[in-house]
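Both complexes shown next keep chain A, but they swap its partner, so chain B is in the first and chain C is in the second.
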Partner chain A sequence: MSETDLGVWTVLIAMLGGAIRVSTPYIFVSLGECLTERSGRINLGLEGTLVFGAMSGYAIAYETGSAWAGVLAAALAGTLFGLFHGWVCKLPKVNDIAIGIALMLLGMGLAFFFGKPYIQPVAPDLPTIALGAWSSSPQVEAALRINVLFVVGIALAFFIAWMLRSTRIGLVIRVVGDSADAARAMGISVDRVRLLATAAGGALAGIGGAYLSLYYPGSWNEGVSSGQGLMAVALVIFARWSPVNCIWAALLFGAAGALGPALQSVGVSSGYYLSYAAPYVLTLILLIATSSTTRAVRGAPGELSITK
Partner chain B sequence: MSAPHAIGVETLHMTKRFGDFTALDEVSIRIAPGSFHALLGENGAGKSTLVKCMMGFYQPTAGQMLIDGREAEIRNPRDAHAAGLGMVYQHFTLVPSLTAAENLVIAREDAPAVIDWKKEREGLQAFVETMPFRVALDQPVNRLSAGEKQKLELLKQLYLGRHFLILDEPTSVLTPSEADELLGMVRGLTSAGALTCLMITHKFREVTAFADAVSVLRRGAHVGGGRVGELTHDDMAAMMIGDKTLTRSAARAGEKGDVVLSLEGISAADRSGLKTIDVDSLHVAAGEVVGIAGVSGNGQMELMEVLTGQRPVSRGSVSVKSVTFRGTRRQARELKVRFLPEEPLQNACAGRMSVAENLSFRSYDLNGKGTRFWLDRAAMGRLAVRLVDAFKVKTASIESPIASLSGGNVQRAVLARELSDEVDLLIIANPCFGLDFSAVAEIRARIMAARNAGAAVLLISEDLDEILELSDRVLVMSEGRIAYETSIETLDVGELGRHMAGHA
Partner chain C sequence: MTLTSSLNAGPAPVAPAAGRGRSAGALDRRIEAFALPLGALVAGLAVFALFLMMVGKSPAEFYGLVFKAGFGTAFSWENTLARASPLLLAALCVAIPARLGLVVIGGEGAIVLGGVAAGAFGMYLTGLGSSMGILGMAVSAICVGGVWIGLVGALRYRRGVNETISSLLLAYIAIALMNHFVEGPLRDPASLNKPSTAPLEDAYRIGAMPGLDVHGGLAVGILACVFSWILIERTAWGFSARIVGGNIRAAQIQGLPVGWLMTGFCALAGGFAGLAGMLEVAAVHGSANGSLAGGYGYTGILIAFLARHNMLAIIPVAVLLAGFEASSGLIQRRMDLPDATILVLQGIVFISILISETFTGRLGLSTLWRKTS
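Our next item is the complex of A and B:
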C-alpha cells in the first residue's frame, strides 16, 4: 500500500467514524424537530434547548456521577422548553417562529449563566460499544467505537416512523399537522397535540445536547454546539419530514462535519479551516438543489407556517 | 356498525337569532326516513344556519328537533354523530396527505391505539364491497380528483354509521358527470332505505333529477316546498327569489374588432410537471367572448396561470395588441388587461385586508400622472364606496376584511375592481362557482356588458351552460390541448360533449 492510499483510507475511515460521532446530535435534534413539524408547528428554539440540555446534562452527570442521570436531566430540561414553546404558541396571534428564536436566545443565555461553574470540572462520559474490537488497526477501532445513544437514536427513528404510520397517536399528529380544520372537525384538540409534540421534540433536542457535552466533544463550554439545533431545521426539510430519512441526512451532515478533523488527522493543513464550513455549504447546496419555483415542497405538513 | 336503517328528522319552529338579526325564523321541515330532500335558497337565506343548528354547531334560540319522532337534544356535533346524523361539507374535511384508508380509520371514534393495518384493511375492503362505488384506499387524498374526494367523504359518513346525511352543495366542485354519478349513488342508497339525505343546493336540475321532496328558504323563513314532481323550475325559482326581477344577460351588440389577445405555440409544464400544456394558436378579438370549455383538470388552470404570468412557458409567447405580455402590473395597466381568476378570495384578494384596500389594488399607487409613494386613504375610501354601491357588494363596512364576505360578494367586489376602468381584455375563470343564481345572472350580465363595450373576453369555465350563454366562439380543452373549435351558431352540443370527454 502506498503512502497516498493509506492517506485516502485513513481519511475515509476517519470520516465514517466522524460521521457516526458527529451525526448523533443531528439525529436527535432532527427527530425532535421532525415530530414537532409533523404536528404543524416549527420550533426554531431547539438550538437553545440543545445548548441548555448540554449544560444541564453535564452538570447533573457531574453532581451525581452518572452520565445517564445527566441524559435524563437534559431530556427533562428539553421537555420544559418544549412545553413553554407550545404553551406560548397556544396564545392568540403568536408566531411560532418568532417565539422559537426568542427561546433559542433564552436557552443559550440561561445555559451560559448557569453553566459557568461547570466549565472546569470533568463529568463521566457516556458508555460506548466497541464494534471495532476485531480490527488490529487503531484507526478502525477508534472509528467503530459507537456510542449507545447513536444506536438509541436509530431505533427511535424507526419507532417514530412506525408510530406515525400505525398508531392512533401518530395519525392524530399527522392529521393536526396537515389540516387543523379537519382535526377540529374530528374533535381533536389541535393545541394540545402540538403542545405535547413540541414537548417531546424538546426532550429529544435535550438528549442531543447531553450527547455533545457528555461524549463528543465531551465537555461543557460555551462553544459546545456548532449550530446543530438550527441546521436540524434544514435537515428535516431535506429529509422530507421522514424520520428514517433523518438518519441518512444526519449521517451525511455528520460526514461533512467530520471532513475537517479527518483531513487534519492526515496532515492536510492548508485551508482545512474551509472544510469546517462543509456542513453549512452542504445545507445551502441541498436546499437550493431540491427547491422548485413552481411546486410546493413535497411531503411538507400542510399546516407548517413556513410552507403555507 | 349498526344495521342500515334510515333516520327521519323533523324541525319544529326552529329559530336562530344573532343579536338583532334573525337568521332562521320558525322553520318547520319534515324529512321522511329514506327520502332525498333538497333544501333550496339563495345565498344568505339561512340554509347553512338551519343545518348547523341540526348538527349542533349552533344552539337554536327557540324550537326543537325530532329524530325518528322523538325529541332530541343536540348540544354539540358529537351528540349529532351519536344520533346518527352526519354532514358532508362543501369544502373537504379529509386530511390531504393521509391515504383514504388512514382517513377512514382515524375518523372513527373507537380508532385503536395501535392500528393493525392488515386487519383494518380487510375490514375496510369488506365494507367497500357493500357500497355501490369504489374509492382507491391506498392513495393519499391529495392525489384524488374532486369527484373521488367527495365520494370518499360520503363513504366516510357511511363507514361511521351515519344514516342521516346533510350534503352542503356537494356538487359545487364536481363536473356534471361526476355530480350525476355521486347523486345517483345517494339516490340509490336512499331508495334502498339505508340513508336519509338532506341536500343544500342551488341547482334545479339536480333537484328534479334526484330529489323526492324540496323545501325552500327565503330570508330565514320556510316559504314553501313539496314533492318534486308537483313543482316546476319556475315555481321553485319564484319561491326562492320572491318578487325581485333578475338581471338578464344584455343582448349582444357591437362588431367584432381587431385581435387583442393572441397565443402562438405556447408550451408549459402542468402542475404535476409530468405533462405539458400546448396551445398552438388562440386569438381573441375585441367585442367577442371566447369560451374555453372542458372537464376540470385538462389544463385550464395552467392556461390561466400562463396568461397571468404565474407559470413560466418553455416555448411560445403571449401577446396583447402585438406586444409580448408578461403579466406585470404595469403591462396589465398599460394594455388594459384585467383578470378574474377562479376562487377570487385566494387568487385575487388579500383575505385579511379590508374591502377598501382590496378594491384599490389596481390603483392605489397611481395619482393620475405617474406612481405615488404615499397612499391616499381618502381616495381609496371614495373609490370603495363608489364600487361597493355600483356593484351591490354586501358588506358590513368597507373596512371589514374581505374574507368575511360571502362568496358571491367577494366575486362582485373583485369584478368591481377589475371592471372599474376601461377594459380591453378580460380573462375570466369559473366566475360563478358556488354562487346563487341571481348573483350568477348579474355577474354574467356584467361580463356581457364588458363585451358589448368592446372588450375582448376569454372565458374559461367548467360550467357548460355558462359557456353556451356567453360565448361567441367555443373552444374545448382536453388533455392540455385545444381539441375543438366552433362558433356558437354552428355549435352542436353532442359534438362538444364528445370532445370534452376526449372521445372524438
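Our next item is the complex of A and C:
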C-alpha cells in the first residue's frame, strides 16, 4: 500500500468517525425541528436553544459531577425556550420567523452571560460505547467509539416516526400541521398542540447542545456551536419532514463538518479555513435543489409558513 | 403585565395639525407607528432592569453608566456616533429587503466580504491617490456585498429558496472565506498575533469629519438612510417594491418585474452592508481582519425592526443602540458584568418589539383622541 493510499484511507476513516461524532447534535436538533414543523410552526430559534443547552448542560454537569444531570438540565432549559416561543407565537400578528431570530440572539446572549464562569472548569464527559474494540488499528477504534447519545438519537428517530404514523398523538400533530381548520373542526386546540410540539422540539435541541459541550468538542466556550441549529432547519426540509430521513441527512452534514479536521489529521493544511465552509455550502446546495417556486415542497406540512 | 401598562403609558406624540383632513384610521396608524415601538423599547428596558435585579445588579447604576458612557459628554457622543455608522448601513441591509417582504438577516456576510474586498484593493492597487483609492475600495466593497445579498434575492425569486436561511448560511460561508483570505493568500507576514491584510497606506484611510472627531463614515451612513428613504417612499421603483412587499400576486398581475425588483433591492441592501465593511477597514482598523465579524449585522437586524423598517427612523435608533454598545466596556469594568450583557439587553428588546406587533390596531387611540378633544 503506497503512502497516498494510506492517506486516503485515514481521511475516510476519520470522516466516518467524524460524521458519527459531528452528526449527533444535528440528529437531535433536526428531530426537534421536525416535530415542531409537523405541527405547522417553524422555530428558527433552535440555534439559541442549542447554545443555551450547551452552556446549561456543561454548568450543571460541572456543579453536580454528573454528565446525565447536565443533559437533563439542558433538556429542561430547551423546554422553557420552546414554551416561550410557542406562547409568543400564539399571540395574533406575531411572526414566528422573526420571533425565532430574536430568540436565537437572546439564547446566545443568555448563554454567554451565564456561561462566562464555566469556560475554564472541566466538566465530566458523556460515556461512550467502544464498538471498535475488535480492531487493532487505533484509527478504526477511535472512529467507532460511539457516544450513547448517538444511539439514543437513532432510537428516538424511529420512535418519533412510529408515533407520527401510528398513534393518536401523532395523528393530532399531523392534522394540526396540515390543516388548522380541520383540527379546529375536530375540536383540537391548535395552539396547545403547537405549544407542546415546540416545547418538545426545544427539549431535543437542548440535548443536542449538551452533547456539544459534554462530548464533542467537549468543552464550553462561546464558539461551541457554529450554526448547527440553523442548518437543522434546512436539514429537515431536505429530509422531507421524515424523522428517519433526518438520520441520513444528519450523517451527511456530519461528514461535511468532519472534512476539515480529517484533512488536518493527515497534514493537509492548505484550504483548511475554506473547508469550514463545506457544511454551509452543502446545506445551501441542498436547499436550492429541494426548493421550488411553482409547487409546495413534497411532504411539507400544509400550514408551514416557510414553504408557502 | 408590565408590557401592556408601559405600552399605554408610552408617550404618543399627537400633533393636531397632522391629523387635519385625514381619517381617524390614518391618524391612528401614524400615532401607533411611534407609540408602539417606543412603548416596546421602554417595556424591553424595564424587563432588562428586572433581569439585572435578579442577578443582583443595580439597574439604576446600569442605565446611569450607559448614559454617561454613551451620551454624557462630547467625547462619549463622538464615540457613540463613530459606532453608529456601520450600524446604520447594517440596518439598511435588513430594512430594504423587508419592504419587499423579505426577512434577510445575513448582512454580517456582506459586511465581512466588503471589508476583505476593500482590504485587498488597498493592498494591490496602491498609489492611486486619496480620492481614487477610497472610491475604488468603496466600489469594490459595494459590488461584493451587492452580489452576496443580491444572490439571496435571486435565489428566492428563481428557486423559492427561503431568504432567511440562505442569507444566514451565506454569512457563515462569508466568514469562512474571510478567514481563508486573511490567514492565507492576503495575509501580511508582519501581522503575527492577529492575521490581517497589509496595512492601508495613509492616503487610503478615512479621517475625521471637519469640526467633529467622528470619522466620515457617519455622514455616509446618514446619507445612505436618506437616499434609501427617498428611493422607497418617493420614487416609482420604491412604490413597486412596496407593492411586492404588500401583495406579491398583485404585483405580478400588474406586470411588475418582481424578480428584478427583489434581486436589485437585495443587491442595494448588500451594497450598503459591504460599504459598512469598507468603512470599518478604511476608517477604524486600517486593514481587513477578524474584527470585521463583530456582530454589526446582527445588531442591524434589531435596529431595523425597532425602526419598523423606516429608513429615517433607523438613524435615531442606530445612535441609541450604538450608545449602549459604546458603554459596554465601562459596564464590564465598573459593574463586573460579562460583555454579553448588551446581547441579553438586545435580545429582550427585540422580543418586546415583536410582541408589540400584536397590539397593532388594538390600542383604540382614535376613540381616546376624540374624547380628549
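Here, the second predicted complex is superposed on the first by the 307 of 308 C-alpha atoms of A that agree within 3 Å, B and C clash if a C-alpha of one lies under 4 Å from a C-alpha of the other, contacts with A are read in each partner's own complex, and residues count from 1 in each chain.
One rule holds in what follows: contacts are C-beta pairs under 8 Å (C-beta built on N, C-alpha and C of every residue); 3 or more make two chains touch, one makes a residue touch a chain.
Because the structure is predicted, anything quoted here is derived from the model rather than measured.
Greater residue coverage of chain A by touch, when chain B is weighed against chain C, goes to C. Of the two partner chains, chain B is the only one touched by A:169; chain C is not. In the overlay built on the shared chain, the residue A:234 is in contact with chain C alone; chain B does not reach it. Contact with chain C, but none with chain B, is seen for A:277 once the two complexes are overlaid on the shared chain.
By the touch criterion defined above, A:226 reaches chain C but does not reach chain B.
Legend: residue contacts after superposition of the two complexes on their common chain; A:181 is shown touching chain B, with no touch to chain C. Overlap of the chain B and chain C contact sets on chain A: residues 293-294. By the touch criterion stated above, chain A contacts chain B in their complex at residues 165-169, 171-172, 174-175, 178-179, 181-183, 185-187, 293-295, 299, 301-302. Taken together, the chain C residues at the contact with chain A in this complex read 103, 105, 155, 157-162, 164-166, 168-170, 172-173, 176-177, 179-180, 183-184, 298, 301-302, 305, 338-348, 350-351, 354-355, 357-358, 360. Across the complex, chain A is touched by residues 77-78, 93-98, 102, 105-107, 111-117, 269, 271, 273, 311-312 of chain B.
Chain A makes touch with chain C in their complex at residues 44, 88, 91-95, 97-99, 101-103, 105-113, 116, 226-227, 230-231, 233-234, 270-271, 273-274, 276-277, 280-281, 283-284, 287-288, 291-294, 306.
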